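Across the two complexes that follow, chain A remains constant while its partner is chain B and subsequently chain C.
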Partner chain A sequence: MNEKKKKSKLAMYWAASCGGCEIAVLALNEKILDVDAHFDIVFWPVALDAKTRDVEKMADGEIDVCLFNGGIRTSEQEYMARLLRQKSKVLVAFGSCSHEGCIPGLANASGRRAIFDTVYHKTPSTENPDRIEPQVKTKMPEGTLYLPAFYDTLRTLDQTVKVDYYLPGCPPEADRIWDALTAIISGALPPLGSVIGAETTVCDECPLKRTEKKIKKFYRTWEKIPDGETCLLEQGILCCGIATRAGCGARCPKVGSPCIGCYGPNEGVHDHGARMMAALSSVIDSDDPEEIARIIREGIPDPIGSFYRFGLAASHLRRKKEKQIAK
Partner chain B sequence: MSDNETLRIGVYVCHCGTNIAAVIDVEALTKFAEGLPHVALARNYKYMCSDPGQELVKQDIAEYGLNRIVVAACSPNLHEPTFRRAAEDAGLNRFLVQMANIREQVAWVTEDGELALEKAKAHVAGAVRRVARHEALQRQFVRITPRAMVVGGGIAGIQAALTLAEAGKEVVLVEREPSIGGHMAMFDKTFPTLDCAACILTPKMTSVKVNPNIKLLTYSEIESVEGSVGNFKVKVRRKPRYINEDLCVGCMQCIDGCVFTQAKFPNSFDQGLGMRKPVWVPFPQAVPPVPVVDPEVCLQIARGKCKQGCVEACGERGAFDFDQQEKIEEYEVGAIIIATGFKAFDPSVIPYYGYGKYPNVYTSLEVERLLNAGGPTGGKLILRDGSTPKKVGIIHCVGSRDVNYHEYCSRVCCMYSLKIAHLVREKTGAEVYNCYIDIRAPGKGFEEFYNRVQNEGVQFVRGKVADITPVANGSGPLVMKVDDTLLGHIREIEVDMVILAVALEPHADAGEVRRNFGISCSNEGFFLEKHPKLAPVNTANDGVLVAGACQGAKDIPDTVAQADAAAAKALAMIDAGEIELEPNTAWIDEEMCSGCKTCINLCPFQAITADEERKIAVIDQALCKGCGTCVAACPSGAAKQHLFGDRQIDEELEGLMNYV
Partner chain C sequence: MSTFNPKIIAFMCNWCSYTASDLAGTARIKYSPCARIIRVMCSGRVDPSFVLKAYALGADGVMIAGCHPGDCHYINQNYKTMRRYAMLHHFIEQMGIEKDRLRLVWASAAEGQYLAESIDQFVEDVRKLGPLNWTGVWEDEFRSEEALEEIAAEHAEAMEVQA
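For the complex of A and B:
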């Protein structure tokens, strides 16, 4: 029992995200037992039956570490972010969604109205003749029902509350999670605000051979079988490894699949997509504006999805302006 | 900036006399600056660049402990070095200074004082936020290759090369013709002193030949130029002469020995008036005295079959080499002087002068060759039919001072027309009519020479010749129709020979030279000096200097003076031993670089190489010119640039945009 007293208190929370980050914790395999040995898990809705009110009752800073995954899309998520911030000594933006918005953040290329139109009306499988949409307040004979408000813009965790550390990745690699947890256990934490992981890019961990880059044509992944030796980008496969933070061990390019950028930009870079675009536009092998336009048009049909798949919400772009959406 | 450092920014608003103050309310701007974050003090002054203005900055740094300076004044191109130096004198790192250009970018582009003030505020706000992020930098120096290249072997190039060589510097002199000498070697006499051109030029040419410091590359052209001031790498294309320069002794026996007994190919040096053989030298005093073989007409080269009388004549020396190929040689030099000269205007584009149509219409350059003792007629002024002209008309301003051709005055035509008039009278006693618009004789001894030629009986007709027609069909005498503005009526003057005083214009390939050396040109195509008054031989590309008529039409005295000026500039540069690099070079954050090789190919100065062992890119600071291409392209942000960091630019933009 004495030993138990020494344990740190750990919380995990899941906001606007797919849930993969929760599963990623389980990828620690047998090390999950070490986690249990060092931490008391006080709040983890996906695994423990603890309620919000249990957290509300805690003293400020009572939780030692909170791993928060997911971006902030609803009023409930914002409430939980603020609450957990208040109750936690260390708040970690866990995974790409809380770090930089990730896939949910791509919805910032549109807005609440357009999202509702699609989800509740336009998809082929939707039948909604009464045009019912979720309401914050719904009066029923039994009483009033409340739903969280759906925000127009998805924000990252640090656009909502102060964040102490970031653990990037979609999801974070088990090894990096373990690094972070051992750092927390040993107290050997990097300076506040750090991203836990490598500083350089995926190229640093990638074994493929690089020469000088000159790209005449971009291939979609199904259009080309990589040769297994040469840098994927040099083969015309849009690999974001050159601008993406290392730490994953170059898992994707190693098996011939291009890096899609889930670890976000490397240290010191703010706008992941802008960096990627600047680099690519510099290595397209043509001086003819029309040919360049064609190479880009044919090879990169979805620039936001290609360059801002994970980082749109955190980028300089942040979101598309409302006015443009109205058109 | 380290976050703990207390920023104390001083802002100085310059009136620039009335250049700025007449448009922008400098008091209001100063007041605005005072209110900006971290600004410890803001002042305005009539001339910030003056000594008292700079003193103000120095005193304030000492007295108020300023650690950042913003000067809102003119373009940093003009006075950034001034204020950096002032800051350094006061003990502040020179790179903690930022200029806000409120003159060229604000005051000079609007008359609206209110808008100007608003824009000036934005510039100042941007500069203040930017300078807060500036870091102290060390000045960097690079060694200068103690060797100069002179491009063009006319009188300008010869003079510059000799001055440099006499000062003990190595010079590479590149000339595309088979011999140095240029246009001056074509002339018989020079105005206004009537010195024999060859007598004063050939000793200089010989000096070039014998000076051990001069490496002479004739029949050679510039292929490419890399690098920058202090360390240029120039590739020179050496055209095959088919004669080995090292073995040839200049006996010219091969020319006699050539199987062509008659010289039957037009000699370009003689403007096509004289003929030459397939193996030839442009003129007897050519330097180097090595003939060239014209591969187009040499039977051995063109047809592969010839008795090779030339080779036989050369005998044991064995200087002939019909297999000679073009080669590219590379030279490293610290400074380059461009002295590529001019081209004479081709008057056949002016239909009413009949050049090319009437055989007795000549250009001044053709007549120079006819008058020259070494020319095709041995110095006799005779017409194509061998007769001596009794009446000669000289038309000034052909292609010059004419909006249809060149608006500019070619500066030398009046004087050389007077010289030709004098020589024609001296040699033939012919009646000479000089038809001029204005006589321009502003040089030393020029007006006196004009008076002399007038007294010699040359007739001066003030008017532009409108038309030249033959008296009868064929090659006989011509009639010049000219509105004599002094007599007030149209005259028709019958002459045997018409000489067109053609303009000087840039070479047809001046644009290529300009691009190769990274310099600019004026509207007319002459190379542009850095400043028309204060930097007349410098160009926009540091280390590249200009001299002579390639920079603008000019006479021999001016050309020689300019060549010496350029040589002096090159000497000053080379003798300094090292040169300060631009501070805004790019560098690689080695920790951050993954060696993706995106940047390697992009560098226009070949300053980036891949270190395969460490798997990083490496930037040679001496070669980097700070263009920022790699910095923009680097996907990981490992390529960074001094004075253009992301934070510095972001802050400047925030300052500009937030204020707007």
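For the complex of A and C:
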């Protein structure tokens, strides 16, 4: 074994995301050295000084694995998604944002106009008397300046380009990242298009005691202190564990905080929120239409935020429909 | 102007409502052809995702029809339908879909006439609302090849300077 084994090439990129996924990679701790032993990291803007043009100069399929986190909100992000797709053999939608939209995708509950209004005009700390907003093209004496176009709707990575694998989670747990990387190193990859992860729900990993669920009233997290033993949902706290993919080790419910669904829908489910609605409806303890409506209205004031906190962009409906303005 | 004929997806339970629609057929009761009936074993089989997918694929309205409460062939599943319906109503309203585009009807196997009337009524209500046009609601006028080409051109220019 004199000859050094040729290393695979790894790239990591972020689009509309918070940067937590990059940090999640560092949570591998000393295993990051093993990653380095097997991979040459060729492009990772957060950690390396490699430029887009370096990627543009690569041959098609030159990158072996690209971990792409973040949703697609701007034309620049779409450009990078397409570029990295072209240059990568395996493209992994890494983390909830690229997998199903996540928190940036929650902005699909409004639109570009509303986002711009909030960001550039309405926040208390904003002073913008000239109502300046970013423009795609700005003519200056020296020439025209370009900014990426800001899309009205956030798309997930697989709504933009073909994705080979998905790694769910906000962010993915270090152990799961390691599982995925070892699968790639050893070549023992699941069929294309699979989500790399467990095929069961958070409830399976949750140590809290479960009996039959019957709910008369939903409580917001600040309205009730959980007893620490019984299933949170049975106590009336809206916990998404019943419809969410396992893989996190039930971290939140273990410490009395309800699951918010960051691992996305379980295997075979497309619409996470719809599955939550189906499951919750089964356990509401009332057969009277008016009472049911009251329990839901009072207990779940924000169904998008409660059921689609992570999956709105990837859901069937994808976004809220804004009132059509008469032209 | 031609009248708008809404696309209606109607999920009907095998034991009551579908049989009711059958009865309406054998009795030659006329009702609107706008409803596309899908037979399910029980109204409790209708997962909320079926309804949402129907809208996403272009339905203007969705109807769920099942046995009267207490009459379910599977003991109490239609109570779950009742709750899912309430949950869906609450949700679609927040998503910008009018409540009247989703309707729950209880019709027993003997109520062919009533079911036909309910379908007509629903079609009429959705017709008043106009088309939903959900398909492509996420299409963006900004999402243009032009913007992408500009980025590519800019980068090509930068690369030339480099070389």
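We adopt the following convention: the second predicted complex is superposed on the first by the 316 of 327 C-alpha atoms of A that agree within 3 Å, B and C clash if a C-alpha of one lies under 4 Å from a C-alpha of the other, contacts with A are read in each partner's own complex, and residues count from 1 in each chain.
The rule is simple: a contact is a pair of C-beta atoms (placed from the backbone, for glycine too) under 8 Å apart; a residue touches a chain by one contact, two chains touch by 3 or more.
Since we're looking at a predicted model, the values are computed, not measured.
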| item | value |
| --- | --- |
| Which of chain B and chain C A:D204 touches, first, second, both or neither | first |
| Touching partner for A:I115 - first (chain B), second (chain C), both, neither | neither |
| Which superposed partner A:A278 touches (first chain B, second chain C, both, neither) | both |
| Which of chain B and chain C A:H270 touches, first, second, both or neither | both |
| Per-residue contact with chain A, leading partner among chain C and chain B | C |
| Touching partner for A:I32 - first (chain B), second (chain C), both, neither | neither |
| Partner chain in contact with A:I242 - chain B first, chain C second, else both or neither | first |
| First, second, both or neither for A:A293, with chain B first and chain C second | second |
| Which superposed partner A:K214 touches (first chain B, second chain C, both, neither) | first |
| Overlap of chain C and chain B interfaces on chain A (superposed complexes) | 269-270, 275, 278, 281-282 |
| Parts of chain A lying in touch with chain C, wherever the complex brings them together | 52-53, 56-57, 75-76, 78-79, 82, 108-109, 112, 136, 146, 148-153, 155, 269-271, 273-275, 277-278, 280-282, 284, 286-287, 289, 292-293, 296-297, 300, 302-304, 307, 315-323 |
| Complex interface listing, chain C residues touching chain A | 47-49, 52-53, 55-56, 69, 79-80, 82-84, 86-91, 94-97, 134, 137-138, 140-144, 147-148, 150-152, 154-155, 158-159, 162 |
| Chain B-facing residues of chain A, complex | 199-204, 210-214, 231, 233, 241-243, 246, 265-270, 275-276, 278-279, 281-283 |
| Complex contact set, residues of chain B against chain A | 589, 591-602, 615, 629, 632-638, 646 |
